[in-house]
Amino acid sequence: MKFGILVNEGPFTHQASDSAYQFAKAALEKGHEVWRVFFYHDGVNNGNKLSEPQADDRNLVKLWSELAAEHNVDLVVCVAAALRRGIKDDVLAPGFRISGLGQLIEAGIVGDRLVVFGD
Amino acid sequence: MLHTVNKSPLERNTLESCLRLAAKGSAILLIEDGVYGALAGGQAAEKISGRMGDFTFYALGPDLAARGLSEAPLIDGIKIVDYGGFVDLAAEREAQQAWL
Amino acid sequence: MEEDDFDPEVVKRFLFVNRKAPYGTVYALESLETVLISAAFDQDVSVVFADDGVFQLKKGQDTTGINMKNFSPTFRALEGYDVEKLYVEKESLEARGLTEDDLVVDVEVLNSEELSKIMAAQDVVITN
Amino acid sequence: MLHTVNKSPLERNTLESCLRLAAKGSAILLIEDGVYGALAGGQAAEKISGRMGDFTFYALGPDLAARGLSEAPLIDGIKIVDYGGFVDLAAEREAQQAWL
Amino acid sequence: MEEDDFDPEVVKRFLFVNRKAPYGTVYALESLETVLISAAFDQDVSVVFADDGVFQLKKGQDTTGINMKNFSPTFRALEGYDVEKLYVEKESLEARGLTEDDLVVDVEVLNSEELSKIMAAQDVVITN
Amino acid sequence: MKFGILVNEGPFTHQASDSAYQFAKAALEKGHEVWRVFFYHDGVNNGNKLSEPQADDRNLVKLWSELAAEHNVDLVVCVAAALRRGIKDDVLAPGFRISGLGQLIEAGIVGDRLVVFGD
């Protein structure tokens, strides 16, 4: 099955990104495809490569990048939401790309399921 | 439909709204702070225990454990699933609605 | 990668659910931007306002004092984008002491049972 | 004490907790989505109207206006202030507690 | 600029109020970091747990499954920092079916009226 | 009177930063001093100079920088919260500085009032 995922919150402040990551990992382990993860609202902060959590804490930005590299997951950061919040190509982590909100609608059309995580 | 609820029913109206607007027969999965809704003790318990005939209720085990609720008395009939079980529910049900 | 998978013939039922008040958080505004974009994809779009989301449609918003943009007039523009299925939950209006006359745009007011049926029949549900 | 409440009483328990834990005689200022608590109509109105003897209630005018509530019927006795009035309240009262 | 203004003799009553559950949001963890820092300033520090904030102190937290750090043991370390005034609201515990035995650390359980008096006597109130 | 202000949320997603800014401006207009604004939790995102809202929207990052320049307000971003969220000197807007959480406690000690804005 082809999953799309929407993440509405940044890493750390809300659990949404953690839950979405765990869901994506579990879906891949079960042999499903995670076609696209779309980051909207504060979710765009998941693509900030300057994020540097404490050594004993999880690094969600890195975890998303690794997931994208290993499983060819398309990580899309919404351009309008990102501009407002100061997330630009200069600070974008590997595996993420910045694109339009249409990519979210497309994920809904193309994917068999769209699963939403937010606050 | 799979409904996910991620807010404590003691803080917000999220669970109540889900229970009011979800179609009978839906699956309702409590995740994140939503798992506090699974507690058998306390004021919010009857919100769910009174609707066992209308919905199938699930709670995410890793979120229960994180909050120290693995051994706590939960409402009878709530099924515990892990992230894999969450994926199965999302795949089985025709769509997901997140109550935030 | 999207070109390979995208089938322009597919029409899905998209539901946008608004349960949050405007201005206190940005979700209402950014959700409206999603609804506008969805119109370009020729899908079957519905928008639901329930709980504090009904306040998004309250007439008479004047945001000059808080230095934000008043986006409530945009709801009236939705019709021009062929987004015509706007549903408001009756119970949510009543709990807030509001009536249909308080709203900036024509909507269909449904009770929770009727709304429940519409919400259950969707393919993609986007909430915020 | 000046208590500020910025959440809608129809969505969260914030106002209720403030009313339970604020000392009598306190000033309570509704700001941001908290101003919905000032509405005379609707289910939340009695939370405040029943406590007029215990507290002095204020609502931030610019937040009421933004939400289309300038002309709406508000609970009797709630005073409207602007940001300058908010500053005055913070200065007059010995400390501020934000209910979030 | 702080050197000019800072008077090491000043002792103020600082109150930290925790009303949010742990893990769903980061506020509980980051608030605890503030409490620990405040201990270095020799102020009169109190910490209140009310509403879902009492869940921060729940025994038996095991966060391995959600890949986060379990910070509840840190509450037991507060005593070593001379942060000893931990208050929990009785009504909040009861509403959640909890008792003092469910908590990771010794606290003073007060009813809302008693707690109200303590909260009213503070100089600086930090909430999150 | 000497005010300290605590801002717990970033610009745009929550109104907290807007309210704090309006409060600070009104306090200054009344002749009070705004000694320090401390940015904690997601509040650290107020210091991100890459933030670029739409032309007809307010730019809170810029508004804070201007307030600091005109009225000598000390804008402090918490270093621990900022590291987690990828806010570093590279992206820090004018008038902001990164420092420790102790600066918040100090604002509480030195200021006559600490006023908190959050979600």
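Which chain is which? They are A, B, C, D, E and F, in the order written, and residues in each are numbered from 1.
The definition used in the following text is that contacts are C-beta pairs under 8 Å (C-beta built on N, C-alpha and C of every residue); 3 or more make two chains touch, one makes a residue touch a chain.
The structure displayed is predicted, hence computed values, not measured ones.
Undergrad: Starting from the defined contact criterion, work out which chains touch chain C and chain F both, please.
TA: Per touch definition, common to chain C and chain F: A, D.
Undergrad: How short can a chain-to-chain path be from chain C to chain E, counted in steps between touching chains?
TA: 2
Undergrad: Hey, how far is the Cα centre of chain B from the one of chain D, in Å?
TA: Going by mean C-alpha positions, chain B sits 33 Å from chain D.
Undergrad: Averaged over CA atoms, how far is the centre of chain A from the centre of chain F? Could you give it in whole Å?
TA: Between these chains, centre-to-centre, one finds 28 Å.
Undergrad: Could you give the separation in Å between the centres of chain D and chain E, each centre being the mean of its C-alpha atoms?
TA: 25
Undergrad: Which positions in chain D touch two or more other chains at once?
TA: 6, 10-11, 13, 32-33, 62, 82, 95-98, 100
Undergrad: Which parts of chain A, given as residue numbers and ranges, touch two or more other chains?
TA: Those would be 8, 12-13, 15, 22, 41, 57, 80, 114, 116, 118-119.
Undergrad: Mind pulling the residue numbers of chain C that touch at least two other chains?
TA: In chain C, 23-27, 51, 66, 68, 123-125, 127-128 touch at least two other chains.
Undergrad: Dump the list of chain pairs that touch, please.
TA: Listed in label order, the chain pairs in contact are A-B, A-C, A-E, A-F, B-C, B-D, B-E, C-D, C-F, D-E, D-F, E-F.
Undergrad: Sort out for me which residues of chain B touch chain E in the complex.
TA: These residues of chain B touch chain E: 6-8, 10-11, 32-33, 36, 39-43, 45, 61-63, 65-71, 73, 82.
Undergrad: Touching chain E in the complex: which residues of chain A?
TA: Result: residues 12-15, 18, 22, 56-58, 119 of chain A touch chain E.
Undergrad: Show me the residue ranges of chain E that touch chain F in the complex, using the header's touch definition.
TA: Of all residues in chain E, those touching chain F are 1-2, 5-7, 10, 12, 14, 26-27, 30, 33-34, 37-38, 40-41, 43, 123-128.
Undergrad: With touch defined as at the start, can you tell me which chain F residues reach chain A in the complex?
TA: Listed in rising order, the residues of chain F that touch chain A are 10-13, 41-42, 45, 48-54, 57, 61, 80, 83-88, 90-91.
Undergrad: Which stretch or stretches of chain C touch chain B in the complex?
TA: 15, 17, 19, 50-51, 89, 91, 112, 115-117, 119-120, 122-125, 127-128
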